[in-house]
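The following blocks contain the structures, represented as structure tokens.
Common to both upcoming complexes is chain A, partnered first by chain B, then by chain C.
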Partner chain A sequence: MGRLYAVEIVYRGIFQKNLAKNISRAIVLAAHKEGKPGISFGRYGDSPERNGIPAKAFAIVATDEQTLEEGMAKYEPTQVDVSICVDDTLFKGVESWAWYGLQPINKLVKPGGTLIVTSLEEPAALAEMAHRKEAPYQLAVIKAQPSFSGLWVYKDDHTDVRILGAIARVCPELFSLASVQEVIRKDTKDELKATSALRSFERVTTYEVQPTQGNPEEPYKFEMPKWHEMRDGIAIPSIAPGHKMKDPITGTEGGFQPARNPTFKKYATRTMRPVVDFDKCIKCTLCWLACPDSCFDVTPENLYDANLEACCGCGVCEAVCPEPNCVTMVNETHFSDNSSQWQAYRKDAEGYKANLASLIATRPERSHGFRFRGQYEEQVPAIIQAAEAEQQKQTQA
Partner chain B sequence: MATTDRELAELTHHKAPHKLDLFKGVKKLPLEEYFTSGHRTCQGCESALVMKLMVKAAGPRTIVLGSTGCMYVANTTYYSTSWVVPWMHTQLGSSGAAALGAAAALKALMRKGKFKDEPINVIAFCGDGGGADMGISGISATLTHPDYNCLILMYDNESYANTDIQLSGSTPYGAHTTFSPPGKTKRIMHHRWKKNFAAMMAAGHPTCKYVATVCMSYPVHAMNAVRKGLSIGGPTFIHSLDPCPKGWDYDPMLSHELGELAVLTGTWPLYEVENGVVKLIGKTRDIADGRVKRLPVRDYLLKQGRFAHFTDDDIDYFQSKVDEMWNKWVVPGVIPFQKHLDEDRPPA
Partner chain C sequence: MAEAIITPHVEEPKKKAPAQGDETSLITGSEAIAVACQLADVDVITAYPIRPYDTVMQYVAKLVANGEMDCEYIVAEGEHSQFEIVKHASACGARVFTGSSGVGWMYAMECLTVTPSLRIPMIAMVGNRALDDPKIPSRAKVDAFLPRYDRKDLLLHPDNPITVAPQANEDWLMEIRRGTAAAMERSAGVIREAYADFERIFGRKYGNPFFEEYMTDDADVVLVGMGTLSNPVRVAIRQMREEGKKVGFVRLRWFRPFPAEELAKSLGRFKAVGVIDRDFSLGSPYHSGVVATEVRTALYQSENRPQVVGFICGLGGREVTLPDVRKMSEIVSQAASGKPQPATQWIGLRE
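Now for the complex of A and B:
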């Protein structure tokens, strides 16, 4: 009986599909160079993927064919040696579109295993964002802005090769740096990429996460329907009509809050969220009208409050809002709760405004795909340079 | 079984549709949602917006039938739904048959006294694959039955988007899809021009009283089109162009803007054919009347990753085809007949 290695890649559907495919493919090829057979695949339950909805790809490698076959009999691994998360906002949890409920990002990481993440956040902050895990595990942070692009045009910012270099460091039994560099050279004919893998191998630092660290909340889940409860003709109840909203201070009723699908939430789909400056709102209705997810609750005074259970963070509201700085998209890593912004504003308008100003001032850039031809070519050199500088600072410290 | 003339007349009796007043502006729209949150669509999905505004316009007494596509798979996944109004799935090519069948069943049940006699809207939707490719015969047949009140709405994201972007009869020239990946030696793998579907439905079915093109970047017009389609009587058809962040490859934030650009570049003309009379709408009318200058298609194409491989020649060719729509067609933007035939050769 040989040894089985499992690696999962947790990524944003479509935005990072090609990135995840490149990583899982190269893992298998690099292990193959050392005589270990393997297979890489995307999880069927995530297909067809949707922009932003979390998805997974796997790479399974074994020391011999028989062990691989045995490992593959289980379609999805229950434990992985290395878990790779290519967007740090996924640390809040993963609600795949094929599941009922939220799963912690570190769920499959085996005790003592490693979770690799691309992020600009500090390791301790990331560890707090993820759910608590009973056994300790390693966190390996690659300092980088999460790489987002689309189905057709790939943003070639070296994220894939940097992750491959980091794997060679944290799990040398799987493959060596030399093997993965050989694969990169053969695939891309780009020496700079092989160097990127080496730099990442040299500089990646790990951080031990203890069972006392992390979000203590129980991830939410929903009751699965039992077979004997299912109705004839696969009929299910529709959603109830909505209701009026109530002001938390005055108790006035008015506006409208739609009822929502109780078994699928958008918390884990979101990478940014809209923050609303209610004093600037001119009540033009456009954010409410143009939102594909009907996420805006209409308050009694006709303000529009983005309900964070339903907001998927597309940013259409910011794009259609005619008032400057009225709706602003802010990186999801800045928030630890999902409560109503309008209620906070009603209870303490001054405090809300001060918090809003600091959020808008400190928001880091996020990129969500193709905006114009030539954009990635403009962005990539700057990203690589910033990452190099950041890594150097880290090694010196 | 013998059928008397009276019974026959009753069977085919044209049931008078109810009146739906048009919305006067965004501030007059109802607050209630009949298609709500918690669907598994992409970030910035304009087709989900079509569903939301379509039923918002139709109101609570509506039955929706959906053929297979994104709006079936993503909205009713794993025993859950976002629909507030009754909704039923129908097969890929059968939105026409489903619309007609539901309208006929309601009529029969009301005639027999098994249902309260009241106006109930019937809307069947389909994607461009389920409509312009597979559903065309069923939709066409339905549009020839003047006795049944129903609306067929085609949401067109220009590919089979649900199954990861295969090209459809609605995919524009040259676009990158799973079936037409641009290569090193051959750049353009899709040489067919998009079907002119709404006009085909209007021109081919003279008894159909209402056909319209809409885009959700112009929501009030789109919602009023739905209300007209439901209240004019008989079967009607609406064709909606939906920017698709997944298949068109763009930042989801730009969904609204790309819909506007499709109209402003003249690529997607907004018009309606009401009782046989063609009327251009909004910005499209302004373009036709010369009040607004048509934007170059380059502004629209280069914001989408699916056209990122286009050379200047390809953009020029695309522009020439759009110019042709406006300068040479008998009814500009609508009916593609020309007085003279020109040479039409795409660049290699």
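Now for the complex of A and C:
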């Protein structure tokens, strides 16, 4: 039997669908240039995709047809040579559906395999964000803001070709830089993209993650019921109605906290989260009304606390809030827990405010893609400027 | 979802005076169905005109308009909605009825995929044609036979907060299907119980709930069929019997659950079996109708396997005539005497 190569691409549903598809497709085409057959496909259960929900695409390549056939007789590979994560907030884990539980981002990476990620974070910080793994693995970071666009539009910011160049570097037996550049040239007729792949190939460095590094938490998981344990008539209990909230300091009860789906935590759904300045809140209820996921808990004093078990990070609350800087969307990479902001505020108002101020002051720009026509064009000058600055830094070094 | 039995063959003493409260009337099969809906106190009926279901619609509409029947009568914008509406009404605790014919059923088909899994007791009529004089039972007897429709903890109601039919992917579907299959496995027992109750309350005896046999005791060959075939076949069999031909008739009442073992045991007694299909399954084994395929499958495990000849006839409501039945019976007799016959033959076809 020949050698089988498996690559997974973990992406955010809808926002990165085209990006994942482009990468997966190009991997197979590049390997094919070297006589290796392969197949590119999306995970069946991810369709229909939902905004921001973690989804997966795969590229399976083999040295011969028979080996490919044996590798394909699986729904999802159990191990991959290269795992690609096109959004660093997915390092907290992958929870695609209810009952799925939280899958560590590095779960499928085989011992010694490589996890490639686009991120502005440092490798050590990223390694800590991911779950611990028994065997060491390589982490390759492509310095970039995660590329988000949409189902019908594609943000052509070279993320795909940069990742392809990096794969040629970390797994040269899958395909060479020359092969993948050939595919890029043929597909895009854009020499600049072939150059981007080369730059990424040259610059990507790997960082070895040790078994001592990473989030030590056991990822939550759920036992799925056997057929005779399930209720007749495809009926499932509804989410319970909810209850009052209790102030952690005074013990006062009031407000309302809806109960939430216990089998779907949505922690991995967000790329941003709303942080609330409770002192600025005028209790207008707009965030609570507009939230499509009913994520706001009403506190005894009628403040609105974004419950992170329900928040998908869409940013509607920030958009509708009439008070400046009352609700602010902050990059999910800045947080390591999902506890209640209101509780933290009640326990230590001054500390909470200081932390809030620093989060807001340092927040990097984060976007779910195009919110209006022409937005990408507006972003282009900034991207070019950043690239030039990077180029200068490289030249000076 | 059995085909509506419009003209049941009732084994009861001849000329017996109607039981207390029962009423004999001359009505069409469609009207009888409307009356059955009335007696069953159906809560929601949906309609979309297509022959001959439209005649049921008319009779139901008349009953509602005359204040003789209290139900939500909804004329949907198509069969798809027609079947969806009753499904959801049933989930909320309503006793429901709907129906259609021919292509209307095809359009409604998508809605039917999840109905069994939801355990919705939906009666949907397949329109056909008949005229007979059924005996209309009294409301009191119907009430005694039909318990109040109670979905218990499956009832969709604010006091019973449940979600019905959530999206289910590859990680759930097999378990859901297995659950529905278990219910289907139990259904044979439930059907027997219901027939026994029916007999006790209405005083009408149907014998074996799954299929009835006519003049089979000493038969050499039999014809097998389902739906509206009884009249011409019975008459033809009586004629042939007079001529000394030992022909019998087995009429299936239930297609699902298919009474495979019981039927195979019965059919194993004969030298040859002719299956009359008033349907056709394009590209199926031996290019048969659906009943013939099921009968062959049922017989495969059987020790005695008679010759099976399939017949396609009466499509599109075309009449199955006495000569047609005699011809089919003749072909089956030929098969019984060892002369090979084609696996499927079209009868009553212009050729």
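Keep this in mind: the second predicted complex is superposed on the first by the 380 of 397 C-alpha atoms of A that agree within 3 Å, B and C clash if a C-alpha of one lies under 4 Å from a C-alpha of the other, contacts with A are read in each partner's own complex, and residues count from 1 in each chain.
To be clear about the criterion, a contact is a pair of C-beta atoms (placed from the backbone, for glycine too) under 8 Å apart; a residue touches a chain by one contact, two chains touch by 3 or more.
Every value quoted in this text rests on a predicted model; they were computed, and no experiment measured them.
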| item | value |
| --- | --- |
| Joint occupancy of chain A by chain B and chain C, clash or fit | clash |
| Contacts of A:Tyr44 with chain B and chain C, given as first, second, both or neither | second |
| Contacts of A:Asp293 with chain B and chain C, given as first, second, both or neither | first |
| First, second, both or neither for A:Ile236, with chain B first and chain C second | both |
| Touching partner for A:Pro225 - first (chain B), second (chain C), both, neither | both |
| First, second, both or neither for A:Trp97, with chain B first and chain C second | both |
| Clashing chain C stretch [against chain B; choices 5-13, 23-31, 77-85 or 221-229] | 77-85 |
| On chain A, the residue positions that both chain B and chain C contact, one per complex | 97, 225, 230, 236, 238-241 |
| Contact footprint of chain A on chain C as seen in their complex | 114, 117-120, 153-154, 161-166, 168-171, 174-176, 178-179, 182-183 |
| Chain B residues touching chain A - in the complex, by the definition given at the top | 26-27, 29, 31-33, 35-46, 48-49, 52-53, 60, 73-74, 76-87, 162-165, 176, 216, 219, 245-247, 249-257, 302-306, 308 |
| Complex interface listing, chain A residues touching chain B | 13-14, 47-53, 97-98, 100, 149-153, 225, 230, 236, 238-242, 255-256, 258-266, 269, 284-286, 289-295, 298, 307, 309-310, 312-316, 318-320, 329, 367-373 |
| Interfacial residue positions of chain A with respect to chain C in the complex | 44-45, 75, 97, 99, 224-228, 230-241 |
